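Shared chain: subunit A. Partners: subunit B in the first complex, subunit C in the second.
After this line comes the complex of A and B, so read on.
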């Protein structure tokens, strides 16, 4: 049985750690909302492939972040009251939230590897669905048009993707247009600057780099937000729970 | 014998002129010179052949069929560089686009300007396969392995400690 002084110090440490964890949980909540909102509008690329668990991980993290915040405030109350029943219920609830957050981190990191480990999945999706007249096709076409214009890029690895491989776009438009006109540079009035030069392939009239770097960096950014920040919160909560368990065993 | 060689040597410039129709690459300011049904060819040197009319002859290596195109264009002066008007590669002075080819086929191409014949060049059009029939799983990133292993161990350890602390405090 620890002395009164020792127990008070332990109580203060538990309270401070819970306050910090509440703030970290709220930050996780906010970050997961940012990922779920998808400001870069790249969700269709993962949604159409069926591997959208980066966003599923973000939704779980919204729940767990807010739950950490609420439970840590309860933990401050339970530690102050020095009642065993309250501390035990706090520990059990925190453990359940811990398991959910682990699932979120692992899922997000794993699905990022499926999608953007290399450019194959994104390239196959672009060749198959761009310009296709289906729900998936329209979503992918809209997403790619936005990316090509905003990021000033063409194709997955380069514009040669459109020329080297068969695609729905090629089947529909033949070889008159080797690549979509969204690959062409535009004036500020949004008209294509030089459509004939773009069709011939003059490098001064079109975008020559691939879009995969941008897509990969955005999806990685989302993943690192959910999985690595979630992981750091988990590590802090892990050590905090160990200290809380020691405090729990010392309560009379 | 020696005099025969000298006479024959005198004829060599008439057999092959010292230029060839090369396929354009990124260095020439285009994305690619090889498409599935056409190739972009470089133009004859303007300093020697400005104003001359150019014929083109190409051989399909598979079918052994030769096609000749007469007076396809006139070589522009050296003063006119690459421009941005016109709807074809030749009107923009970039190169000549040889069309109506078959995909995945090798061709032997040369220009004919008067009696001058360019060195022949081999060009293959792109065959256009479907992509992704043999997609391999990309490598696992280190992040996934680290996060999974450490969090799994942490979960397990926490569960053990929770059970132990409940048992110890009730004992």
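After this line comes the complex of A and C, so read on.
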């Protein structure tokens, strides 16, 4: 019969979509773990400012990704069993996970805008906390030292940030050094290659580009992983849930 | 009397002093260095080829010294008025150059011998850092410039024996030093919304709202409004109220079980294969419809 055939086709579609959504949810789980692990070690920059919801969004996405995986497998079972009660519970659980994942995507995108929309937040944080002897100061100092050496950069927009603005570093160390020695090129023995050249700013002995482009690109990468990929999973799940609702109404 | 007058006349004759030559050179910042200007130091280019074309000098290039005059505001005119003096090198010591009620606003510091700066430089990247000695206290030390001021510079050729100025360059343009800006002035408020964030927020909010709406509609339709239609959603043209999956048609001589199409997909009833192969019959009990026993009448 056409109705029975139509229902079978709908069941097959629901099952296939659930299988795909389970895989997508597992991928979201893995991607969110990558963000939460923070391989680039830039968490203090967002943590010290109090706006670390990129990572909070990643944690939520870990749970929702895995929940999507489990619930979609349950959905395959519910669709196969063709029981209304199972499909209803599946729909309600999926909707709750959907809401949480929405929150994760939106909050990650919003906090990224606050942190790296322009370089002011990062610059102000660097000037205030670098070389400061507090918990936040030590974290920021460690992070910036690592960034300056790994990425070969100095300052936020340029080394002149250290020269133009007052900073904790300037107050503590006076005007002998215009910028921290981590801005200088080092030999493989980790000694400064030419400290006199670095003090006067010879471009061959120090790093002259700013670190903000790197910080911005890393935080954006984390954000796009959580919010854009989460968004694409959400769109797929949205249409899948519409089909599942239609299937639910067709069940006897 | 006449002798006295002659003596006075001789005294009044101006002693022919050597006038200071002004060469066509202007000190400039060394643009290739990143720390060329800070709050209290400036890095200048070296004075090459400035004094090499002069003749009739009482000193040779090994004994002529090059000195630098940083001067601020009124210091330029003060120095120009005093530059012919034989004690010019110590007239304005560095420690008091910029302090006090009426400071001289200039000081002199030694750069090096003229032979240190030949016209063709053996190695590129020469520079002279004004303020390299920091907060020093000797008369001619290379100390910090006043923070935030706009000094001008002039190189001098000095006779090391007489300590008088033989030649000078022109005044450089005034170079504005940085004043330390407070990082609190960096506005870290609203940095603008990126397009990505707007798209994600609006589409996800709309999707969540639509989903909630449909969920409520579906629940209302199926669980509350359609209880009677709940079981009859299957299109069946047969008598759907008969919940007998298979019954016996009595008018036939050899009754064969009739499969009710309304029950086709219900998997609970027994199939042809599981029914006893004999023509054994049994009564139909609608309550336990899973067990149908055919009855031969």
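Note that the second predicted complex is superposed on the first by the 250 of 252 C-alpha atoms of A that agree within 3 Å, B and C clash if a C-alpha of one lies under 4 Å from a C-alpha of the other, contacts with A are read in each partner's own complex, and residues count from 1 in each chain.
FYI, a contact is a pair of C-beta atoms (placed from the backbone, for glycine too) under 8 Å apart; a residue touches a chain by one contact, two chains touch by 3 or more.
Just so you know, these numbers come straight off a predicted model, no measurement behind them.
*Asks:* After the match on subunit A, would you call subunit B and subunit C a fit or a clash?
*Replies:* Subunit B/subunit C on subunit A - steric clash.
*Asks:* Once the structures are superposed on A, label A:202 by its partner contacts, choosing first (subunit B), second (subunit C), both or neither.
*Replies:* both
*Asks:* Report for A:99: first if it touches subunit B alone, second if subunit C alone, otherwise both or neither.
*Replies:* Both partners, subunit B and subunit C.
*Asks:* Between subunit B (first) and subunit C (second), which, if any, makes contact with A:228: first, second, both or neither?
*Replies:* In the superposition, A:228 touches subunit B and subunit C alike.
*Asks:* Using the superposition on chain A described above, determine whether A:109 touches subunit B (first), subunit C (second), both, or neither.
*Replies:* both
*Asks:* Could you tell me if A:238 is touching subunit B, subunit C, both of them or neither one (first, second, both, neither)?
*Replies:* After superposing on A, A:238 lies in contact with both subunit B and subunit C.
*Asks:* Once chain A of both complexes is superposed, is A:121 in touch with subunit B (first), subunit C (second), both, or neither?
*Replies:* Touch partners of A:121: subunit B and subunit C.
*Asks:* Could you tell me if A:48 is touching subunit B, subunit C, both of them or neither one (first, second, both, neither)?
*Replies:* In the superposed model, A:48 contacts neither subunit B nor subunit C.
*Asks:* For A:170, decide between first (touching subunit B), second (touching subunit C), both and neither.
*Replies:* A:170 contacts both subunit B and subunit C.
*Asks:* Answer with first, second, both or neither: which of subunit B and subunit C does A:194 touch in the superposed model?
*Replies:* A:194: touches subunit B, not subunit C.
*Asks:* Overlap the subunit B and subunit C contact sets on subunit A and report the shared residues.
*Replies:* Shared contact residues on subunit A (touching subunit B in one complex, subunit C in the other): 84, 88, 91-92, 95, 98-99, 102, 105-106, 109-110, 112-114, 117-118, 120-121, 123-124, 127-128, 159-160, 163-167, 170, 175, 178, 200-203, 206, 208, 224, 227-228, 231, 234-235, 238, 241-242, 245, 248-249, 251.
*Asks:* Could you list, by residue number, the parts of subunit A that touch subunit B in their complex?
*Replies:* Per the touch definition, subunit A meets subunit B at residues 84, 88, 91-92, 95, 98-99, 102, 105-106, 109-110, 112-114, 117-118, 120-121, 123-124, 127-128, 158-160, 163-167, 170, 175, 178, 194, 196-197, 200-206, 208, 224, 227-228, 231, 234-235, 238, 241-242, 245-246, 248-249, 251.
*Asks:* Considering the complex alone, what residue numbers of subunit B touch subunit A?
*Replies:* Contacts found on subunit B: 26, 29-32, 34-38, 40, 84, 86-89, 92, 94, 97, 126, 128-132, 135-141, 143-144, 147-148, 150-152, 154-155, 157-159, 161-162, 165-166, 168-169.
*Asks:* Taking the complex as given, what residues does subunit A use to touch subunit C?
*Replies:* 1-4, 84, 88, 91-92, 95, 98-99, 102, 105-106, 109-110, 112-114, 117-118, 120-121, 123-124, 127-128, 159-160, 163-167, 170, 175-176, 178-179, 199-203, 206, 208, 224, 227-228, 231, 234-235, 238, 241-242, 245, 248-252
*Asks:* Under the stated contact criterion, what part of subunit C meets subunit A in this complex?
*Replies:* 32-41, 43, 125, 127, 129, 134, 144, 178, 180-184, 186-188, 191-194, 196-197, 200-201, 203-205, 207-208, 210-212, 214-215, 218-219, 221-223, 230-231, 233-235, 261, 264-265
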